[in-house]
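Shared between the two complexes below is chain A, which has chain B as its partner in the first and chain C in the second.
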Partner chain A sequence: MKLTFPHMGDFWVVMRAALDELGLDTVVPPPSSKRTVTLGTRYAPETACFPLKLCLGNMLEAIDMGADAVLMAGGSGPCRFGYYAQVEKQALWDLGKHVDFHVLEPPQTHPRELLGSLAALLGHRCSRVPRALRIGWEKALACDEVLKQSLLLRPREDSPGVTSRLYSKAIHAVDEASSIGDIRRAVNAFVQEAGAHARAQDGGLGLRIGVIGEIFMIMDSFANAGIEEKLGKLGATVDRKMTITGWVRTHLFPWPWKRVPGPDPVKSARPYLNHFVGGDGIESVGYTVLGARENLDGMVHLLPFTCMPEIVAKSVLPQVTQDLGIPVLSLSLDEHTGEVGLMTRLEAFVDLLTARKGATCR
Partner chain B sequence: MRVVLGLDVGSVSTNLVAMDEGQNVVHSSYLLTAGRPVEAVQEAVADLWRALPSCSVAASGTTGSGRELAAEVLGADVVKNEITSHAVAALSVCPDVRCVLEIGGQDSKVIIVENGVVTDFAMNTVCAAGTGSFLDRQAQRLGIDIRDLGRLALASRNPVRIAGRCAVFAESDMIHKQQMGCSVEDIVRGLCEALVRNYLNNVAKGKAIRQPVFFQGGVAANEGMRKAFEESLGCPVIVPERHKVMGALGAAIIASRQRLKSSRFRGFGLSQTRFESRGFECDGCSNACEVVELVMGESVIARWGGRCGRWERLGAAGA
Partner chain C sequence: MGVLQGVAQETAGPVVGIPRALLFYEYEAFLSTFFRALGVPVIVSPPTSTAILDAGTKLCVDECCLPVKVFFGHVASLAGKCESILVPRVVSVARREYTCPKLLGLPDMVREQVRASGQKIIDVTVNMYRNRSDLTRAAVEVAQHVGKRPTPALWALCRALKAGAGRRLWVDTGPQPARVGLSVALLGHSYLVQDGCLNLRLRSHLKKAGVAQVITEDGMDPRAMERQAATLPKPLFWTYEKATVGGALLLLKHRRVDGIIQLASFGCGPDSMVSSIIEWHCRRVGTPYMLLIVDEHTGEAGLRTRVEAFVDMLEWRKREGR
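Presenting the complex of A and B:
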């Protein structure tokens, strides 16, 4: 069996590490590209959201490279994501690609299904699970740390693009690291190298912008057209709470790490949104409230075009803005590659935040 | 005379404004981009040169969706997004302005201003209904000059209801009403009302619109649209005198605020220079980015479209 899985940003690093440690053969899809989008949009249902199309494209490219099984996360609730594994399986089977699907359903709602797929996947490899979890988790922490540092350093980089180049180098070093020591060395190397390219002060007002929205669009820089990089180049420090470790903690293995550190976004969303609307809708609202409390200058809200949970969040957010005075820019993203419209909105948003902050400082 | 230039290269029109040192507009032009932005910029500059042959350029700024390309051709000192440019221009005309409605060729936006600072904005994201191009197309279909659209709309006595959510729905409604025998005046007025409804429900959704309200962009020339906005909002809507070139005016004002020793402006010779843009697919990775390079004379002066930044960094005389 050769197992593949979608990238979802840098999450593939974690998946590959854990599955390799279990002794499973893996195929990481080639980096997402125009070809991935072309394949995904051709064979996915037209009305599906962009994450499904991109994931399907990843799978098709990995199958071309010899993969014969797919590992996908499941889900439940109003977001269509819970059904994506089934839709993707159908799309692949319709193409005559009869690959096995291993779906990891959320343990809170479908414990039996989860145990079933884990048993089928792991077989006699159970003894290796602790070590696989340990290395996977260590790599997840490493990716998050590299990301966090890159978001802090990019607005101050001394030559344009250097942080992003060192970032991809660091992610690949983390991917290649085979021991915990190597992983930590890769992170330290990044912090030192990128740190050496950072100017002491950015000269500007030091804008801090939070990024919220649907988790896949946030985590996958290909899907979101490198929004964090763009904001960094405009001089803003990006604050993003939804990361790989956060996603694992809430979605894949809510035990034993249970909760994401810091205030609970779900509770913070009250009274604007009091119940689960699927996906990350409630988190988007909650993190905006928390962003206002932490004095972030503004929030950028990313939603895949037609995403129901985030549309609910989007219609709630103006009230949060009005009450707490935190501007929010909602961006609906799909497969388009014309970036002028995106840049226009981001630049205008940064102008708005700069003018606002300048006015308060005076 | 020393002038500051503002150039707004939009999808439909390319507008140029020249201001003297006292921030008075001494020249303005409105040309169609016609899918060839480089030529439109050259023509706009040639036009300025003919009008003011003795002027020299102290600074220049570009805006609009073609602002990056225009900045390279012109040698601009500032490149600014059109939202900020429109707000700056409106504030220069009326420092108390609190809302700017702008409808251009391919997009429409609303800008909310408090105490002279932009506090919120929105731009249409998914839909062409409610932009100048759609009005243009409908005018053509009805066989009327776009400039007469507003006058005709005002002559209507019994406006018909046209669906406004989607350009496709609007068009099929218009055809239906036309075949029922409704007058062109009533249909055109209904169309203006539908566009305003769509704009207020989509673009300006959830935004508090307070007076004074400015209406800018090419579509503001349409008296029927202004009237429909006034009726819908229940307050006067001001169309500034230079509504068509407000983006360019804003870019000029922003450029004039820079304290420059000398401008990067390429000089009026640029209208005679041969510019060529050519595209190619990068073969560096599987993304196959569509890279476009701009060539002036023999040398590459800029590249766009790469995702990794490999092409944007021009080496000595181009990589």
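Presenting the complex of A and C:
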């Protein structure tokens, strides 16, 4: 059995580490590219959301490389994500690619459903699970730390593009690392190198922009056309609360460890959004309210086109803007997104924020 | 037109407005009986018109689907006509199932609009995900909003449930070998299938094109649909879409129809997945399937052309004996 899994930003590093530790064969799909999108959109349902198409593209490319099983998460609604696996399996089946699907999802009727799919996956490897989880978690923490530092460095980098170069080097090093010591050394090396490339003064007004929205679109820099990099290059420090570890905590951890440190976004979303709406809709609203309290200068809201929970968030966010005075730019992205148009909108938004901040500073 | 008329019933007290959109079409009999038994006067917005559609398109966020936009238009049409507007948050109407994320956030989406027109919003949450008895709590909460006591609310709920359950008249979906004329299934959300303005009078176009019988979901046995939907590898967690899939599978199983038309609104999340499932099953059985997607730009002539072409193809197949 050769397992593959969608990229989802840098999450593949975590997946590969954990599965390797379990002694399972893995095939990491090639980096997402135009070809991935073309394949995904060709075989996925026409109006399905973009993450589904990209994941399907990843799977198709991995199957070409020899993968014969897919591991992914599922859900129990009301977001479409809960039915991804079934629709993707059907699409692959139509193409004559009869791959196995291992879907880890909250059980519908009885815990034995989840235990059953885990047993099918693990076989006799149960004893290795704790160590696999440990190294996976450590790599997730490392990826988050590298990301956090890179977001701080980018507006202050001394030569253009150096942050992104160091970032991919560091992610590669974390992926290569085989022990927890190696992982920590890779992170430390990145932090030191990043420090050497940072200018003391960042020249501008020190804009801080929050990024909120649907988790896949935030995490996958291919899907969001490198929005964090673009904002960084425009001189803004990106503040992103939704990360790999946060996602793992809220989606995969059992109850007492579920909570992400810091103020609860779900409670902060009141009175604008009073009920969960699936996906990350309520988190988007909550983090905007929290962003206003933390005096962030603006928010960029990312959603895949036709995403249901984020459309609800998008329609209540203008009220948050009106009450708390935090500008929000909603960007709905899909396979048709033109990068230049996106850049123009981001530049205009950053200009607006600069003007606002300049006016209040004076 | 249905049980409720567009005028306030002759009872005193503050009037409750109900927008004629979204789940209203599912629960019309239920709502009318409930409020009549409670003694609360009700006004329902008029049937969807182009003016309501345009108003909704202006008020709602651009990316939303057509039915939600129309809901905004119906809420706007109730401005100044009633004291409060019923915008329930219908989270779940069946165990372990949800409705749609947009229905989960509906009161929060329209709250500002209702407040701006000086009306109150009755944003009671109905969540039967774990327990059906949540409906009783919701009924009592609605009664509190309109200044009634819990006991009459429970009494009204009992009568409303009875009225809501007895409204269906099922056509026989079993095998029927001797058939004259074309029989076509029209599947999709009730707020599209039953709203003549949103589906651009699709039923009359079907009739004109020569379809003898149009079968919709509310003409089928819900329990048989449920059983068919349960045959999917993973049960759908959206209640209304589950019924759509169940209906399609039931009709396909008995080869009851010559073709299936699914009506969906552009940007509908659940339908984007469900349509691919239904299409897959239709292809396997060899029954023609057409997905009609409507939004606020749809031209009626284009829709008519597609319907006529589809029906022509069905007639040709029938003549050829396929």
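Basically, the second predicted complex is superposed on the first by the 352 of 362 C-alpha atoms of A that agree within 3 Å, B and C clash if a C-alpha of one lies under 4 Å from a C-alpha of the other, contacts with A are read in each partner's own complex, and residues count from 1 in each chain.
Criterion: a residue touches a chain if its C-beta (ideal position, glycine included) is under 8 Å from a C-beta of that chain, and two chains touch if they have at least 3 such contacts.
Quick caveat: nothing in here was measured; it's all calculated off a predicted structure.
Asker: With both complexes superposed on chain A, which partner does A:46 reach: first (chain B), second (chain C), both or neither?
Answerer: In the superposed model, A:46 contacts chain C only, not chain B.
Asker: Looking at the overlay, what does A:341 touch: chain B (first), chain C (second), both, or neither?
Answerer: So A:341 only meets chain B here.
Asker: Is A:181 contacted by the first partner chain B, the second partner chain C, both or neither?
Answerer: A:181: touches no partner chain.
Asker: Should A:261 be classified as contacting the first partner (chain B), the second (chain C), both, or neither?
Answerer: In the superposition, A:261 touches no partner, neither chain B nor chain C.
Asker: Check whether A:276 is in contact with chain B, with chain C, with both or with neither, and answer first, second, both or neither.
Answerer: A:276: touches chain C, not chain B.
Asker: Is A:332 contacted by the first partner chain B, the second partner chain C, both or neither?
Answerer: So A:332 meets both chain B and chain C here.
Asker: Quick one: chain B or chain C, who's touching more of chain A?
Answerer: For chain A, the partner with the higher number of touched residues is C.
Asker: Just chain B (first), just chain C (second), both, or neither: which does A:305 touch?
Answerer: both
Asker: With both complexes overlaid on chain A, does A:356 touch chain B (first), chain C (second), both or neither?
Answerer: A:356 sits against chain B, while chain C stays out of touch.
Asker: With the two complexes superposed on chain A, say which partner A:30 touches: chain B (first), chain C (second), both, or neither.
Answerer: first
Asker: Would you please give the residues of chain A that touch chain B in one complex and also touch chain C in the other complex?
Answerer: Chain A residues touching both partners: 305, 315, 332.
Asker: Please output the residues of chain A touching chain B within their complex, sorted ascending.
Answerer: These residues of chain A touch chain B: 30-31, 33-36, 160-161, 164, 226, 305, 315, 318, 321, 327, 332, 337, 340-341, 343-345, 347-349, 351-352, 355-356, 359.
Asker: Per the contact definition, I'd like the list of chain C residues that touch chain A in the complex.
Answerer: Residues in contact with chain A: 60-61, 63-64, 89, 91, 96-102, 104-105, 107-109, 112, 125, 232-238, 266-273, 275-277, 280, 293.
Asker: Spell out the part of chain B that touches chain A in their complex, as residue ranges.
Answerer: Checking each residue of chain B against chain A gives 65, 68, 80-84, 107, 115, 117-121, 123, 125-126, 206, 285-290, 307, 309, 313.
Asker: Give every residue of chain A touching chain C within the complex, in rising order.
Answerer: Against chain C, the touching part of chain A is residues 45-49, 76-80, 82-83, 85-87, 90-91, 94, 108-109, 272-279, 281, 305-309, 311-316, 319, 332.
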